[in-house]
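Going in written order, the chains are labelled A, B and C, and every chain counts its residues from 1.
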């Protein structure tokens, strides 16, 4: 499929393959079957988010073709995985961030954000090239922050709900069964979906690609979910919803894929998840000044540092250079 | 002129040549005649801003000579174009940012800012060297932010005007003739001057250097001015004053000069201007927390990314390495 | 000592040597005797801070050994000097930042911060490698900001004191003898200690290592302390306490060690201290939004730029590459 030209009848299967791979690339898997299972999870979790992911992926592929991005990057879904997140996260979080249901104009900004993410990926990859580090989901993070603030600047924002209604009831007891649920929820929260069905289908999809990736990522999600209890205060609704676990899921998972796994790399992956959660807590107040969540910035920043650390030392040979867009 | 030593009678013509080239380098032109026309525009638009640009340029040249900056960078005005902006922007915006007329001490801080801009350029160029990207006007942006906050820290700040007096009258209708005026105003706003005379003389100066640069830059200014209507809310006084267009003017223009122009590069230049305006809107709330405008940060950040993207792909050979300070 | 293995009886003297060198590396000295004198100063200034420095250094060495950091970096104390500052600064500033005495849980977060600083150093050094610049104390700055915000997120924070009690008495007169005291205090403030004894012992320790380092650093501290009067407003309590001088102390000192000293480098070191103080004033409002001081961020950012500038030009051959961790 990789050797077929884009301007031909092969365009349709190539596009579908690229979109499905892009959906799985969010979690570092390069496999259309994994992508299909995750897409099913997205559609079952929130049909709008799933369709938005498809629309944004298509936008990204067209943008990449116009600006002649490397064929290998398009075919493997690397140019469009940030767009997948632009789609699911904007549709899923817009009601929380802007206090009103998603309306037609919002989709226009979302499509622009998906196109931006392709340019951001290409630019950031070139800037990071001397360090041999990948930009991870930074293109998604930057594009989504920009889109949300522009939506607010345009006035596409409702009235914030009465804060008093949501006052914490001061129940400081940690409910450990809920922490366990939060751990499982973390997987779906990678796509900003609070859905156990989506979590399970994603895990099955990733297991098909690499069981070791699932072990690393779920280990990281557990570390992050528990660490969250030490860096935030009661009530722990966010912890139970998986909001504190998805960055650690991605942080630990990234080391399983971008490095040759070993016991020492596994330990480093858990430390990465631990640090990611501290960074998450530290970024919350600054992002709150723009009334934004931290998205996956903690994962990106932390994993850039830990991947640089892992690549510099004697902890296992680096194998991720072949996974860079170019 | 380039082969004459600085410590000789040639110092005077060399300095004048460098200053004029520096004024035109703000808009990517390396031509003393362009610089002379723009200087005339500055003096006609705001005589204080024009004289401040000259004083800051002279400061920058002296600083560059003391710290032995490369002769080619001084002669072509690259070491002093950020200082030109330090001069015009601080004198022009100080009354808006600090709510009182420019007083004598302010000029002292301005001169320090001009000297800083030379050090910042040299340092940033060295740090960006592995990526082969130029620092654009980041030295001006950083130095000017620092100077404004220090002036405020020193207490050289007046009382903010009564906000109630400037309440928007809620007229949400877009006045398209005013949008057109704002497009033309964008050129002078590069130097923070709201003057059609300055805009026209600048365009004539740039046209003498490169007609294609004018086409790219004015295309970008138009895209940005119109996009501003989609990422901000009424009243659109800023749009009509050209405040939303100058970043796009520079963003699109940068690709005309740092890349070999082609239809695809022209399209990328317009997308760069489009993204620049989204980024502009996204940065406004964060800069407002320090009561500062965004200066040309949106142009710098966006164009670094798009230039990196353009240089990485197959969209035309890069030719800008020869334009770097060293 | 460098050629002895870590897993042997040599571990104890090697650890002590590394800890003492790390304490002196904060001020760019690589000498266990200097470190011993500074440690004495720390213990005399604030015994808790001194013990915290030792505990954090030990944590850093263990972390570095687990993740196989280069032996040369561990032996010379480079992997642990950021941990020294994590220890002294958190214990010393916690009561000011979080409005209550240090309690047992705080030490747990401090130890985590010390471990993080090793990972941050390794990651940042690898990311900065293409620019050949060292990360300075950025690992300390980042780890400490994160720890303080996490402590606040966890609720380990008291009630802020009544601001009214500390109203400035409007005495705008500069007390020059106090400015002189503030200059001397700057040295101890590198470790966040307000103690003349600590300052003196530190200076003696540094003098043993390099008299020229003391000349550069004290010159920078003087420039910064005086410049602070121009970028802040009365009352000048912070200037008199040395809070405005320590960044300039480090900024100027860094150029003495990382470059071959010359009169032009000395001038550049003073300009670096001057710029550092402007940057310090400019960062204060942004850090205040997180209720944090600026730590040594102004030194790090400014000196990265000025070191890049010095290394690029013809101002003296660079000799610091041999001092990088790898």
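In this section, a residue touches a chain if its C-beta (ideal position, glycine included) is under 8 Å from a C-beta of that chain, and two chains touch if they have at least 3 such contacts.
All values reported here derive from a predicted model rather than from experimental measurement.
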| item | value |
| --- | --- |
| Overall pattern in which the protein chains touch one another (line/ring/star/complete/other) | complete |
| Type of subunit B:subunit C copy interface by residue overlap (half), same or different | different |
| Subunit B-subunit C separation of Cα centroids, rounded to whole Å | 36 |
| Junction residues of subunit A - those touching two or more other chains | 130, 289 |
| Interface residues, subunit A side, partner subunit B - complex | 66-70, 112, 115-116, 119-120, 122-127, 129-130, 145-147, 149-150, 153-155, 289-290, 326 |
| Complex interface listing, subunit A residues touching subunit C | 130-131, 133, 230-233, 264, 267-268, 271, 274-275, 278-279, 281-282, 284-286, 289, 304-309, 311-315 |
